[in-house]
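Consider the two complexes below, in which chain A is the common component and chain B and chain C are the respective partners.
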Partner chain A sequence: MAAKRTEPAVETVTVKVDGCAVEVPRTMPNWQGKPEPTTVLQACKQAGIEIPHYCYHPKMPVAGNCRMCLVHVAMPGRPGPDGKAPTNEDGSPKVFPMQLPYEPGTPRGVIGCATGIVPGMEIYASSPETKEMRKAVLESLLINHPLDCPICDQAGECKLQEYSVDHGQPESRFAEVKVHKPKAVDLGPRITLDAERCMLCTRCIRFTASVVGDDALGIVNRGSYNAISSYPGQPFDNNYTLNTVDICPVGALTSDDFRFQMRVWFLKETKSLCTGCGTGCNTVIGSRENRMYRYEPRQNDAVNSCWMCDAGRLDYKWIGRDDRLGKLHGPRGNTTWPSALREISGHLAKAAEGSVAIVASARQTNEELFLLNKLAKRYKALTDSVPRNGEADHLLVAGDRNPNTTGAQLIGVTTQRVGSKLSAIVKGIVSGKIMTLIVYGEDVTQHGIDAKLLGKLKMLIVSDILPNATTRKADYLLPGCSHAEKRGTFTNVKGRVQKFTKALEPSGDAMPEWEVLHELVHNVTGLDGFNSIEGLFNQMADEVKAFKAAGLTWASLGDNGADVKL
Partner chain B sequence: MSLEVPKKLEREINRLVKNYPEKRSASLMVLHALQEEFGYISTEAEEWAAARLELKSINIHELVTFYPMLRQQDPGRTVVRVCRTLSCALAGSAKLHGHICKRLGLDADAPGLQRTKDGKYGVEYAECLASCGTGPVMMCNDDFYENVSNDGADEILKKYDE
Partner chain C sequence: MKVKRTELTWWERLYLPTLINGFKVTLRHFFSWKRSEVYGDKQKEFTAKTTMQYPEEKWDVPTGYRGAPYLVKDVDEKTKCVSCQLCEFICPPKAIRITPPGDSGVVDREGAEKMPEEFEINMLRCIYCGFCQEVCPEEAIFLLEDYAINGETREELIYNKGKLLALGGADKRAYNHHVQCDVDEGIKKWETKTREAGEQPAFH
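Entry: the complex of A and B
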């Protein structure tokens, strides 16, 4: 007992959920992280009971308009004139189930999302009364809903469908004509609205107003003609609009990019990361038959909360481009991995110290950069990477548009001033000192090492996934994998190391870069590494100072990553 | 296109806005003042009001589309409003409305406010105008008329013709 006292005291309240006493904190963080009285919905969640809801979202202000989270509750009695709370015959405190004041005996519900808990309160989350309320709310919500699930993009991940199964009534009593509202409205350049499917939960309005700070949406017209709208002539167009498609509990807001592309239940979901900038938003890749259909943000409160930017979300088309490099090329045309690796290893084995330079990419994984750095150390090679900068914004977008600049710096492939050693590499090539250049994932002709200069080299080894001026000059062209086709980790701008997993099979000869590099490093340096990504990561975590200080292991990264000190 | 707001109206709106601790709270009062001046709330007026109250235009647009008595189109110089609530309906307000529409060349059966092509008149039904003993009653802009017969309506409308 004494040991427990030393922990910071969290004031708790005991309530009963479905007859079981639960101790919950008196306050819980609201969407902005400020403490607010714990709600009935949160208390039930802590008790392991999910209260159905549409308009409530933990990362947004509470609106309380959908009524889906209605639950029947009983309140403890108020103390009488004697100062004592009313009790049952056996002396236990008496509670009073809430009822309609003008219709005693009829149970009265409270909305779980906006009702604070009171000590001694009893929440009947699964009682017949509560179930009846849910049934009634769902019936009301479905009255004017078009029920066009067969052609609706949301079908399969629609809360209206899910709750209808869980809490709805099997038959419709609605025999009248449905209200018709605007369909296929072009709400903005990336969003299409079906106002008939909308149930007016206002999640999209609150998201763009409160989270993004662009108060662009509202509800226009009245009563059953209510519809979500932007101001006429002002399209809904900020860099976060597609998040409204995710949070829309029904099929009202659909992404133009994903609309009618694939039934969601066919999609394989793979945990991944966005590579659009240094933030490293956690994502889920939706793919089917080796084709990627969409990114969705994956909740990680330490990085991206539940959101991602539109630019990042749509930054995946290049993964499936037709001109992806799929053929392994050597100086004598197409070749195979065993012979290419043997030849490259043979060449490198003869190379002198200082005669090799490496241009790595800050789009590569920590593991790949770690292996490249091992090669670099063997030859005392000049190494650097290429900076990619843009404008940062107030929410998620980082100024650094490379996903792994921090990793490249921590591992030592580049310095704080990314790209500052490129001129030294140019000088080395010009002077003839550098005879072998290894380029990973960058078009160096865009960064001061032009095609003529590349022609001076004895050996140009290039690994990339899309063709460019550098790949065309390569002696050995090693087709690589996008992040969706391999496993690995990135370190984001704030020093969070996060892993991504493989969603797609690489096509043609393409191989994950770390597998190729692992082989090369082994052949050239004689160092024995690990041939699993887990082992490789753990080895790297043991050798790279910052990673070691944070005690990283592949397993400890989990799904949401771990921080290292910068 | 931006709205030209007369100095006098601007002073009035400044006074209205000051009455509230938050500017947004003055939205409806400002819209009333604008409609009083211009007869309706144009897109420019919505944008002007939003800028004046430091809001986004959509915030004002929501209000304007919600309240039927905030007009989004020019209703005409003289708005004739014929009461159709029970007492007036029994006293023949439908006939009166039909007569006025016929005289002005408007479709009496079309829903909502009907405006003459020259923009002189707009005719619509209104709910109870609070003079149930003297139906049928109607209003022309802010003028109130009781016991209006068809002939009486002709006489009244003459006053607004020029």
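Entry: the complex of A and C
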């Protein structure tokens, strides 16, 4: 905040909102970040008054077609022949409430989303005239809208429902037959459209055309039969289609994945991150009774704006898979955490320098990697991770498919070339120098250390959340937690450190990896001084150079994270 | 709070007079020729008053009695419930649990987009408040006449969808139990509500 205050003063304009003078910037960034004249809607927002709107979205071009943001305004008078603006008797500048030209006396509204402010303008955001306009607009929008909210999947997060309660009228005057449009239209592989519920705000059309750059949707037919449609013969299937479900103010666009799975009012919302790639889109996890139902993007203008890709959004099913590892295994079958930790610590205490190697995962949190690195430093152990690469796209998807490669590099678990030291680890095992291997969250049999090599080891300690060839060979198998079941931070490809919080309880014996590692590291190296993830983070931020330079603390990360210099 | 106990008199502490008083009530009923109203039409054949042979005989529940909640079927014997989960939401003791069908659920009638994959009511938790019946937009759940719900295990008393539908039966039964309006085609909750709303003075 301190940095902001030193910026050059922005040019401001004073307008009156509901009788209170507010000073607002003359221009504000539009959806692309370019300055544009501040609109009535934005000015009201700055004054703390929310103008209801459907088609307007701060991250998309303005269309101004839903008319929901109609407000009654008064304009300052134009200067007369003497060059002076008209004044009231007391000398104050005179304003003229807008009225219909052909019907003087009838108030005329302007759409708040697309009307720029002028100095001296008066905005009547909650006058009886404005309320009457909203009521009329809502009545018009509801003419052909089916009134079956209890069975509509959007109920509970529907803007039409909310505004009808806030601004609508209690009963319908519409006695005629409603126009029936197609229901459950398969718009694309992940989207179902209920054309009847659509109120034609065109948010989805503008999103896919302007933000994604795939002009796939449009409005077909005329008048009351208007309907959203994809281009004939072409499914709506780019990698960002499910964002249209989020921005759809009504229940017209529904995600096939979430449709009829759970009513939204049951879902507990937890701030989290997407782990699909290195971008680290901010998300909200919707869960109920320890089951995760969906991801939704969470606004973070420094990372993902309001969006996330479909692949990332649907990448959560593994969290609740039936074959999740939930049993703590030792060499003599099932064991308990105290005895397993005691045995492992005992073994590690006897291990010589250089006889230990660690394969960490770039899917682990900064804190876990920090603790693993502590362990590695004690034994001068070879450490590395496993690269995961894919194709980057123009919007959000990063080529690096690990959520925390940058963190692993900054902390020193891996080098710039991820996976370059794996061959040295293989060599060490073959030569018999490396006798203890600690593997976190990766199937090393896929990366050159095959089952036969693993058999040569004296001790294989594996922590993972799903079974694979490596976990089956483990002497100690420590069941871990997914990111939804613990707290921690990731560093994204651009060096933004962001935190995620816990939505679900881990199942069985599973424990957050940082808790297990904390105890191991404490037993082996004596590191202590914290007993929470916050304390661990602050200790790490104090020791890792890049984090220290940025002055990170757990508290200063906030909900949207903080940048570190790469 | 301290409860002030009344001091018993010597006569009351004697105990026997109170006992005799109690027997007097029993004997008065024993020799009474008047039938109690709670037996309704069930025991017309008996002129003298006798004990009702429960559970073979059960008394008539009054109209609108709130017994166990069951799912009812429509006149075509099709499921009415559309899995909106409002009853699950409103249920104060959380006795209702619905498993939504997801995108690939099956429906057995036209005009419904979804039906519950599973619908369970834990009769041990139910408090017979009737909120589920009131909130249901499809008139699919009704509190009917059953009041003596029993079973040998707790699991047995979690009624599933099939059992609830079988017990609820067709709409007619619910209609007969809740005579709400004078039409003969089952309950039309919204019609009733609209009529009631119309009769009320307008509010703004």
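Heads up, the rule we're going with is that the second predicted complex is superposed on the first by the 558 of 566 C-alpha atoms of A that agree within 3 Å, B and C clash if a C-alpha of one lies under 4 Å from a C-alpha of the other, contacts with A are read in each partner's own complex, and residues count from 1 in each chain.
We adopt the following convention: a contact is a pair of C-beta atoms (placed from the backbone, for glycine too) under 8 Å apart; a residue touches a chain by one contact, two chains touch by 3 or more.
What you see is a predicted model; the values in this text were computed from it and never measured.
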| item | value |
| --- | --- |
| Partner chain(s) touched by A:Arg263 [first = chain B, second = chain C, both, neither] | second |
| Which superposed partner A:Ala184 touches (first chain B, second chain C, both, neither) | second |
| Touching partner for A:Ile151 - first (chain B), second (chain C), both, neither | second |
| First, second, both or neither for A:Val220, with chain B first and chain C second | first |
| Chain B versus chain C as contact partner of A:Thr192, first or second or both or neither | second |
| Which of chain B and chain C A:Pro232 touches, first, second, both or neither | first |
| Footprint overlap on chain A, where chain B in one structure and chain C in the other make contact | none |
| Residue numbers on chain A that touch chain B, as the complex places them | 215-222, 229-234 |
| Chain C partner contacts - residues on chain A that touch it in the complex | 148, 150-151, 155, 170, 183-184, 192, 256-257, 259-263, 265-266 |
| Chain B - residues contacting chain A, complex | 43, 55-59, 61-62, 65-66, 68 |
| For the chain C and chain A complex, residues of the former touching the latter | 82-86, 89, 100-103, 105, 113-114, 137-138, 204 |
